[in-house]
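In structure tokens below, several structures.
Two complexes, one shared chain (chain A), two partners (chain B, chain C).
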Partner chain A sequence: MGLGLLASRVLRPQTNPRNLLLLRSIVTKPELQSPEASAAAAAPDPTSDLPPRTPVAGARVHFPNPDDAIEVFVDGYPVKIPKGMTVLQACEVAGVDIPRFCYHSRLSIAGNCRMCLVEVEKSPKPVASCAMPALPGMKIKTDTPVAKKAREGVMEFLLMNHPLDCPICDQGGECDLQDQSMAFGSDRGRFTEMKRSVVDKNLGPLVKTVMTRCIQCTRCVRFATEIAGVQDLGMLGRGSGEEIGTYVEKLMTSELSGNVIDICPVGALTSKPFAFKARNWELKGTESIDVTDAVGSNIRIDSRGPEVMRVVPRLNEDINEEWISDKTRFFYDGLKRQRLNDPMIRGADGLFKAVSWRDALAVVAEVIHQVKPEEIVGVAGKLSDAESMMALKDFLNKMGSNNVWCEGNGPTPNADLRSEYIMNTSISGLENADVFLLVGTQPRVEAAMVNARICKTVRASNAKVGYIGPPTDFNYDCEHLGTGPQTLVEIAEGRHPFFSTILNAKSPAIIVGAGIFERTDKDAIFSTVEAIAKKGNVVRPDWNGFNVLLLNAAQAAALDLGLVPESGNSLESAKFVYLMGSDDVNLDKLPKDAFVVYQGHHGDHGVYHANVILPAAAFTEKEGTYENTEGCAQQTLPAVPTVGDARDDWKIVRALSEVAGVRLPYDTIGAVRSRIRNVAPNLLNLDEREPATFGASLKPEGTQNVSSTPFKAAIENFYMTDPVTKASKIMAQCSALLLKK
Partner chain B sequence: MASTVVKGALKAIREKGFGTFLRELREEGYTKCLLDGNLLQTKIHNIGATLVGVDKFGNKYYQRLEDMQYGRHRWVEYAEKGRYNASQVPPEWHGWLHFITDHTGDELLMLKPKRYGAEHKENLSGEGEEYIYHSKGHALNPGQKDWTRYQPWQPAKSE
Partner chain C sequence: MARSLYRVWNHGRYLGTLSRPFSATTDALVETQVKPGEIGMVSGIPDEHLRRRVVIYSPARTATQQGSGKVGRWKINFMSTQKWENPLMGWTSTGDPYANVGDAALGFDSEEAAKSFAERHGWEYVVRKHHTPLLKVKSYADNFKFKGFPKTEGK
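Up next, the complex of A and B:
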């Protein structure tokens, strides 16, 4: 018996009577008669059998106008995208990640690295997808041999002049070139000549350059011009002599210069303080919040063991996009210097002696009972979190005093109307404004990320900016209207030409600096600004352009919690002062016999006045809620352990209250938060901006007159504003080199 | 064989005197043989074997090729008669002793690098905590607490 016969016997269906019902009669269908129809039926729908793909990194498409949607095909998948998107964006929506070096979604398109080449049907050559607009019906192919060969060729050219120093390169492990050469490169090179070398540039104390590694993607040049707004970097030369540089030797003076480290796809620009300190795979990332200014930029604290090794930004479209200021990025070495690690008591000889917590708290509790309740004063510092401020206020209230405030809020803060101290437009909302009036504020030094938004808006929509305050430099076009409140009054009365600018604007934004809180005529200035807002139609149901730009991370939460002193000059008669990380409060008028307790993490000005020091945790070591200037509450998370004997701020106050016999009713951070819920529930709405409920119209009319004193700069040194940054060596270098006039 | 031992002993007593003989007997570890079977067996093995070499610690390396089971024909008599263990064999003799190589330790010692060749140390585990290396973070390292990763504020400094 032949093999074929055997096989056919095995395969022949058994004629089972039950299966007779399933037998089909042979019929003919009309579509089988015509060859075209049968071909159409036979060709499977190209979409049906392909597994569904998800967009890259959860990319979502927003159609501003549904009529403008066009359909393109990426590797056979049909994708609907709005008109004007590039081929690369269309591929991202289709779930295909195109390799790229020069393309960055927040920068203009350069199209010079050629890594994103894809094949487009009916196009003779591969096209650079980042620079090619997608056209209706375009058939894009990303994994054809042509596209693969194009990438491999580009990668070979890039690696021709790229040094093979990954083992000593700080970018190693997070390098785009490293990753993409593994994925798309060839396994051998054909280059036998000498590699080119480029002289390194000195860009200042923050950015380390190894220009031989540069692949000329020009991301840093575009970042400096477009986002940072400084014309520092540029491209010199042509061909293999092409270099990124400053043309004449000069330092990068932007306050956002650290971001070029993140956007550089290779190791050409790396962090100088982080150089050779750690590898990125050794680091533990903790998602936290920056507290060096009131913006509350989202950061990731990278730590190794008990040390903070670096700080990098986290994406938050509403606050910092994906940038952070240099202060945020490089202040971290201050966390390791000048730390208070033991409770200390000043002896009779004026010298501090380390003691145990038990003794320190006993001394404080004894003294606080010896003074009159109205002589007790508490000041919260710039870096205090909401939990500790709540505990401090509760504790001092239980002791009978109501003189608690947060420094920076001035002697008579207005905590009644939330719209009077937060940014009502919100930081991302500033992009919709077309006229800015900056009153006594220099956003470039006070809140660099807010300044970046204004800069973005000015670049995008040619918004007009008017500024009242001391002369300062802006990185966008700005009209200097005057230096003092007099100009403000002129605008309010309609005598100033800028008033008509506000009047004609569709969505004007007024930004008032928090430096004005310290002025005696603060109420008058605020009512003048409100007069402008009323006449200029700045506050409408659909647009609220009245903003206050705060200076410190603690300010907004302190005002929300009602940290308002009973009297503006309570320090002059105080006998017991509780400084919770407060270093800039003016203690000159304090009576000499006053007892000062300093609770904090750094030995700064406040410590030298103290009688007792209670060491507390810095924001990288504790869980705390901070509210930023736009009213968005966010939380820090502990990245590293506390140093020495230090404790969380609210726990110290809680322990002290028990020793003093007025026990606070909370033992866990959750219990503190439920207490906060009673006072300011918006502080528990994490990561969500809580707009102010009532407008300024509820405010009673002020009778005060504005003084003619010109506005002062609220911050003299951008790099040194709080105890942590003052202790930092890198920040000291920056202020020595970069603030040179 | 027993007569050879007795003859040798008598010869030694005659040549060196009884006192010296007893002292040498003790130094060579014969007195400990009575309690330590391993040592006794090594001593018995040594009779008729060739002494291949002595290392710098005084360990003696023997070999006997005839009348021996293959694989048992090389052995060491430790210089330390009381607390001997295998880690007392230096690396140059280790290979010879374990049949890794036929080169003796004296031959291999000539290949030892002069500049960075570290001296052999025996393993002192179990001999007491003070002999054992502890990293600087280890609880038993006496100097472990005198360093911090942060710099504390110094109270003596005044403004």
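Up next, the complex of A and C:
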């Protein structure tokens, strides 16, 4: 049998995880226990013709030092792993998935569930593979009767106190305990006592708890402390009195709290807004991109029929790892509320009347021809995709106006040097920094995932963080250096003690907030930061520590496409304003007789001023390219149908251009993208970060002086930053409960 | 049942690939190159569905599950959004015959298989990058490493 098994493995064609699985059943044949057979199985066969095994989930292995590789044998297969890896990781490299509850690849190792037991030759007892370091030449056996029996025993104990409420549990169908009990669970229980029960905790409006289901893996505790950086959760009591909780009744105040829903291997922590709304096997997953901040987290939009039911993260090591912020996860109910369904025109009485697309476009086209080209202004909103911004710019340029910009980029954006508006270190590169200087940015509210990286770095390597800006909360140790640009100047001139910290650092990173784009002295501030960068040796050929942290999903692409207004105050003399989903642009100075077109999906501020409304699709309903703050272009995919009579943004602009007699030369999204290829080819290079080519050294010297106005917080309310999140009830609840001080 | 058949077929095919160089019958198969769009043409699928744009991707691991059994498969997303709630019963209706095909019925072992399938049907496709995890050295002893002196709490 042993030989037969081996033979079938040799015959196994290359890399096919399905086939792997097929053969990876646990075998309890007595032959396996017989000495000859096990000797045959363990003998490290003349492996030359063994196909290489693929690591679990196609994982890549990071070798910190290639010389330090050791070889271990997993079920007879030799694998090379870096020194110091655990037995469980070695098995993963060998393509063997070990059952586990407490181990999570992104959290510290707890080793308390004992589900990962494997047999190691010469070891008297099964070992917990997640905590045991692999040693050279170790012979690990994962499919022996000993391992199976050990896991079955652990499973029986776990199920002893676990309620049998899978039919009413939201985790049902995507539950680790369910999965693993299919393989290792017994079909009957031997436990005849009462199951224990635990009081549910109130963790706030996002996380629902059913604490009786908890199996005490402590993943949530480790997540809260290590990743979210809040010491909210803990383990109380001992033995069967053990409980997860916050000790005193307290809400979880982290902006990443939603992730405990995912990491909880059972249904103890589930999503409150999603509770009892749908079963996960009814949902259709669409892999897409989040646009609520400039990080571009990778998400999966789960929809049922025409409705978005929930948003969950998906893996992207370079951007969000496996986490998403609460805003990303829970804003989705805003997609159903306050939507614009039909094209509308404001009548003489000030009320909107629904009209047909033809009429609406005709009215807009007529008005746009009546104003002078210089009086036409276009503003793209925070959530605009690159395609629609391209179309808008082309259209207004054809009308003779060059006043197009994207909100958030300020009155005089600098689009010439790409290194001046993207994160040059890259988000994952931040992990290598040892000193951070945050200038006017509060990453915790502006980009929670970037903050999680900084937090991770601070925890891992004790990196120092200095912060200049208004007082705010940090979830890691941080030195508050000052509130205004004055401190910055002091550092630049070397008068501040933090300057020597930067000077002594190996790889310092400076992160400038995009809130500074709105300041009048922005050029001066940037020159000061560049002076610091120069003196502190922050930008070198092997390390670029100069970063700008953007606020909105549209910003980077808008600057790449050259959405730069001709003059900073064109709104004051505008007669025709085209708002493409732009709600936060300040329209106070707009002349009263200006004609405003609002194209967007939500009725928010922009609509109050609008004369004509053109309904557009939200990002869950269209295909669009977004560039994140580190310069990585990604695309959303449509998950659900559009609401009412809404259309894709670029299609509306394209249709309008035809009615206005200046037809844009593209009819398909492919054609728009070829147009983008001429302007900013990096936007079509999907899922790859495109670094900036030139550094800031090419910039002419500025003459401006910094003002003494302190930096302002760029975002007041983490939970409500754009029209969709503002329309969301869950986000409103969060801001009411979690932000009150 | 269908699943196990599929598996058998899969295995058969792989063995076929292995033995191809030695067998004369399969050699003939190699000769018959399928031209792009050909399968679509003979299959009687309406024209508008042969000119679709599709996205080929490999679904990420479900965030709540650690198992990797389903990871590494390739799927085709037809980007179908022609759906509406039926006013009579509240059920979901769709005007797109491919609405449920991509999610439920098509799965491929490799990117190439998915691509060639799309090619044979004449679909215009893009392939999304498959993100894979990065395994870094971790150790239990890290829990007890000296990480600097304890910081004062409650600042």
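Going forward, the second predicted complex is superposed on the first by the 683 of 741 C-alpha atoms of A that agree within 3 Å, B and C clash if a C-alpha of one lies under 4 Å from a C-alpha of the other, contacts with A are read in each partner's own complex, and residues count from 1 in each chain.
In this text, a contact is a pair of C-beta atoms (placed from the backbone, for glycine too) under 8 Å apart; a residue touches a chain by one contact, two chains touch by 3 or more.
Because the structure is predicted, anything quoted here is derived from the model rather than measured.
With both structures placed on the common chain, the touch criterion links A:P66 to neither chain B nor chain C. In the superposition on chain A, contact is made by A:P306 with both chain B and chain C.
By the touch criterion defined above, A:P471 lies against neither chain B nor chain C after alignment on the C-alpha atoms of chain A. Contact with chain C, but none with chain B, is seen for A:C175 once the two complexes are overlaid on the shared chain. Legend: residue contacts after superposition of the two complexes on their common chain; A:A131 is shown touching chain C, with no touch to chain B. When both complexes are overlaid on chain A, the residue A:P145 reaches neither chain B nor chain C. Shared-chain residue A:P167: touches no atom of chain B or chain C.
When chain B and chain C are set side by side, the one touching more residues of chain A is C. Shared-chain residue A:P541: touches no atom of chain B or chain C. Residues 305-306 of chain A lie in contact with chain B in one complex and with chain C in the other.
The residues of chain A lying in touch with chain C in their complex are 11, 13, 16-19, 21-22, 54-62, 64, 82-86, 89, 92-93, 97, 100, 104-105, 108-109, 111, 130-133, 171, 174-176, 179, 261-265, 284-287, 298, 300, 304-306, 312-317, 322, 459, 462, 477, 621, 623, 637-642, 670, 686-688. Residues 7, 10-11, 14-15, 17-18, 53, 55, 57, 59-69, 71-73, 77, 79, 81-85, 91-92, 103, 109, 124, 126, 128-143, 147-148, 151 of chain C touch chain A in their complex.
Across the complex, chain A meets chain B through its residues 305-307, 335-342, 344, 351-353, 602-603, 605, 607-608, 643-644. Chain B contributes residues 148-156, 158-159 to its touches with chain A in the complex.
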